[in-house]
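Just so it is clear, A, B, C and D label the chains in written order, and each chain counts residues from 1 on its own.
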Amino acid sequence: MSAENTNVRTNEDIRNDFVLIAQNEYAYLDNAATSQKPVCVIEAEKRFYTDMNANPMRGFYPLSLEATKAYEDARSCVANFIGASCPEEIVFTRNATESINLVAYSWGLNNIRACDEIAVSVSEHHSNMLPWQMVAKATGAKLNYIECKSDGSYSDEELERAINSRTKLVAITHVSNVLGRRNPIEKITEMAHSFGALVLVDASQSIPHMKIDVQKLGADFLAFSGHKLLAPMGIGALYGRKSLLEDMPPFLTGGEMIESVRLDGATYAEVPHKFEAGTVNAAGAYALSEAIRYINSIGYEYIKERDRVLTAKAIEALRKTEHVRILGSEDPYDHNGIISFTIDNVHPHDISEVLAQDKVCIRAGHHCAQPLMEHLKIGSCARASIMFYNSEDEVERFIESVASVRRRLGWA
Amino acid sequence: MSAENTNVRTNEDIRNDFVLIAQNEYAYLDNAATSQKPVCVIEAEKRFYTDMNANPMRGFYPLSLEATKAYEDARSCVANFIGASCPEEIVFTRNATESINLVAYSWGLNNIRACDEIAVSVSEHHSNMLPWQMVAKATGAKLNYIECKSDGSYSDEELERAINSRTKLVAITHVSNVLGRRNPIEKITEMAHSFGALVLVDASQSIPHMKIDVQKLGADFLAFSGHKLLAPMGIGALYGRKSLLEDMPPFLTGGEMIESVRLDGATYAEVPHKFEAGTVNAAGAYALSEAIRYINSIGYEYIKERDRVLTAKAIEALRKTEHVRILGSEDPYDHNGIISFTIDNVHPHDISEVLAQDKVCIRAGHHCAQPLMEHLKIGSCARASIMFYNSEDEVERFIESVASVRRRLGWA
Amino acid sequence: MDSRNLYNEILTEHNMRPYYKHELEDADLVLEGVNPNCGDDIWLKLKLDGDVITDGAFVGDGCAISQASADIMLGLVIGRTKSEAIRLIDMFTRMIKGEAGEEEIEELEEASALKDISHMPARVKCAVLGWHTLEEMIGDKGGDES
Amino acid sequence: MDSRNLYNEILTEHNMRPYYKHELEDADLVLEGVNPNCGDDIWLKLKLDGDVITDGAFVGDGCAISQASADIMLGLVIGRTKSEAIRLIDMFTRMIKGEAGEEEIEELEEASALKDISHMPARVKCAVLGWHTLEEMIGDKGGDES
């Protein structure tokens, strides 16, 4: 580790924090799918198991008390990180998908009726669409899809049409995982609240790239995954306003989420434990809090700057490459590190395969956003996604490889 | 590492595989709550992140293919370990609690009617009781509790009363987490199947201590957690017969579990992926497969022998200690490493606190089995639970500490 | 987190031979206090004459800490006014949080035997159960809490 | 997992200029084949005279591998009997699994250009899509599969 002060660390210093990245073998540009993990996070998880491994919550011996403290401190860390009013507003889940399903099952099925509407943007990831299709089907409510323009933006008229007096919930992503565009959450929460509707924000793609403040956003619920935010797989979080969480019935039931159980029923623990059935992933939560500490040490200033520089470089080069079409906004700054594109006459899977031959890692397909693909009238696309640890060199490898695709597929 | 052959490793060799255990500071006897993790498991999880970290299932580049392979190989490993017919019969979950909830929501709510009965033993962990209370309440079905005798055994008459022609499902634990007794699953599955009922077996407490064979047990569903089986937190498994899983609707919905999504609905992927919504915990599954490899290298022969020796030692000594009352069977062999007890005039929390002062880690309380506590007419109890890596010395520390409890609480 | 002295003589005495653990006929106030997680459960009963707590008792079930603490508390507050009792509850709560001064701890008399609980987060709820229950019973009318 | 040569000349040729990718009027058999995960989607159409495949075509959408493989397959099976076709499908499937012998691979003619797919588990489904669809169309009546 270089002994310099914070924020004078170079990209190379930072790359050395990530084992796979430091090896420079792969140009890893699939960060929107999952991020790499810094050594400190991997070591934190290991440390949990070697220094304080015990089942938290119920033991009186020191190991269990330490495990409990590590877990609850992680909850406070997440709460602070996103501006929640108190730690009880954070429920630990496995991933964003589970966070959203929890709201759909516990809040949705109990608060939405046949005469209501649920507004869901057409650009949602399947994880923020299927649960609402389920709720709509179960309750008879109408799913009102908010349609975006081809650059991913929403017109005021469209928002006004979709969010109306019948709306009970708006489920919308903060940043689209295909177009990279940041949605106007503040405007949407204001509109929704004026009709008494709630807003669930899917922050899966935004939280690795921008400071989240649930108060400023006006979010009632907010979901994200740890694994896209430098943390291990198997841990995620749901933010919910405390009064909402308190009124919701439990979802999964079992150990650790009860006050008392009788043969004819049970009374449940307070939030957030009411929603955390069974043995919790304390090591994962602990490692997530370490990931947050690392992100804070890097700083969102730096992250945004790297996103901007690298995205601009990639987009400018691709724009000059014949037969390449970039999806979404013209402005690199609107992409938050996500660059989706197609190449004429080449199927995206073949793009990704050719790039893989060059050890450039990107993703191709429908990106769990089939309705958006249909809306944009494409079957699938290729997507490169950037994280602050990526280098100019990696972006160049990507650009060169993309430029060679058509030739290598015979379209010389 | 000692270079000797398999199975000639001493207890000390084995203890050195576990960082916290090797330190000899704590006598860790709370293994039924969660096990310690061997170095090889911790290293496996780390290796996933440093050697092949990528989002599995959808990438075409080598890292993602390796991650996918690690994850699916882990599924095969679990399937082999418990005698499933094929890997597709294994669904990865977060823990046993989620495995059981999955069956309750997906199979239970769709197959159980008001005229049906669900037979649940009174000694179940809350995680195998609350989900069935939920199903009973939602469907109007009757919960028929199977009552055990005070040693934890079931009379034939009681089984015949509780499992009858109206029974649709029997939910029963393989080994009780309080009494340690192994339930006669083979007999129960035979009875249940003769009425066309299914059986869900909770193997959370049995799988760390005995070879599981779902075919021999006749289990239709079987649930367990990784963290009690030397694996990390945040990974568990559900076994389900393939034809059953195929007929069940999905539970959580979102990315990775679909074939195609349209604005008006979706078609789902094949089992088991249909039940694994969102980014999977591939690193956890990979580490679980390493834990299974480790268990296999130790061998259940050795494990059972250690359970027997250490349990007998503890039980014999406690029996000679005045004012101590042991719960369950007289025969140490019936305890599978679990020794629950009370001390006259001393609240179990005070027992556990005094033992904690001596760095002996045990658990006290209702052990997420309040109905069993009521059935046994106690409010709570203390529980020591043994794993193969525990030593004679640790058991002695436990015995001595227990013997001192009444004195230290003033009952000199 | 060294708690070797937790089960000191004062505490064990009040646990083994609680003075106030009995029924109380004609109580003016009765309230149940529960720690659901650990199962501590007490019924607190008080007799009042105007603002003065003239008698008190408790029944229930729980660990030595919860039972002894309730017993010690009753010894301390019987004969005092509600507002004096509230002041003591406040002091006790701060002692448990490790925030009370020397003289305050002294003023708590036998209850000071519980001061080491401040290092044992898992047992704090047991120690304060009786006190919180008392506060709920008399607090809203307790007057000058300062 | 080196796949440098995957997009070889034979494959790219059949992808860019597929001979059999067109409509086929009056087809006797028509079946859709889909790889839901990656979106490959073809409609396979055949004309039969008794047991002999006299003509065939496909339309659809998908990656170069799925499209080229379907095109190569039709070139190979047109003019053959159903049972000969089934034998070739079986051979091809084994080649993709890395289980076919030298002579077998030779017998597959241009289709042998796809043999490196055996090292690329993620692309196997693309390569076999056309062949499995054909098998479903003619397999049940295919006779002596041996």
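Miscellaneous remarks
What we mean here is this: a contact is a pair of C-beta atoms (placed from the backbone, for glycine too) under 8 Å apart; a residue touches a chain by one contact, two chains touch by 3 or more.
Remember, it's a predicted structure, so these values are computed and weren't measured experimentally.
Using the mean of the Cα atoms as each chain's centre, the chain most removed from chain B is D. Averaged Cα coordinates give chain A a centre that lies 31 Å from the centre of chain B. The geometric centre of chain B is 40 Å away from that of chain C, both derived from CA atoms. Note: centroid distance chain B to chain D, computed from Cα atoms, is 48 Å. Along chain C, residues 123 each make contact with two or more other chains. For chain B, residues touching at least two other chains, in rising order: 58, 60, 62, 260, 349, 353, 356, 365.
Applying the touch definition to every pair of chains gives A-B, A-C, A-D, B-C, B-D.
Residues 19-20, 26, 28, 30, 33-34, 36-37, 42, 45-46, 49-51, 53-55, 58-64, 94-98, 100-101, 122, 125-131, 133-134, 137, 143, 145, 225, 227, 232-235, 252-256, 258, 260-266, 277-284, 349, 352-353, 355-356, 359-365, 368, 370-371, 374 of chain A touch chain B in their complex.
Listed in rising order, the residues of chain A touching chain C in the complex are 58, 60, 62, 65, 68-69, 259-260, 267, 269.
By the touch criterion stated above, chain C contacts chain B in their complex at residues 3-4, 6-7, 9, 12-13, 15-16, 38-39, 61-65, 123, 126.
Contact residues of chain A toward chain D in the complex are 345-347, 349-350, 353-354, 356-357, 365-366, 379-380, 408-411.
Those residues of chain D lying in contact with chain B across their complex are 1, 36-37, 121-123.
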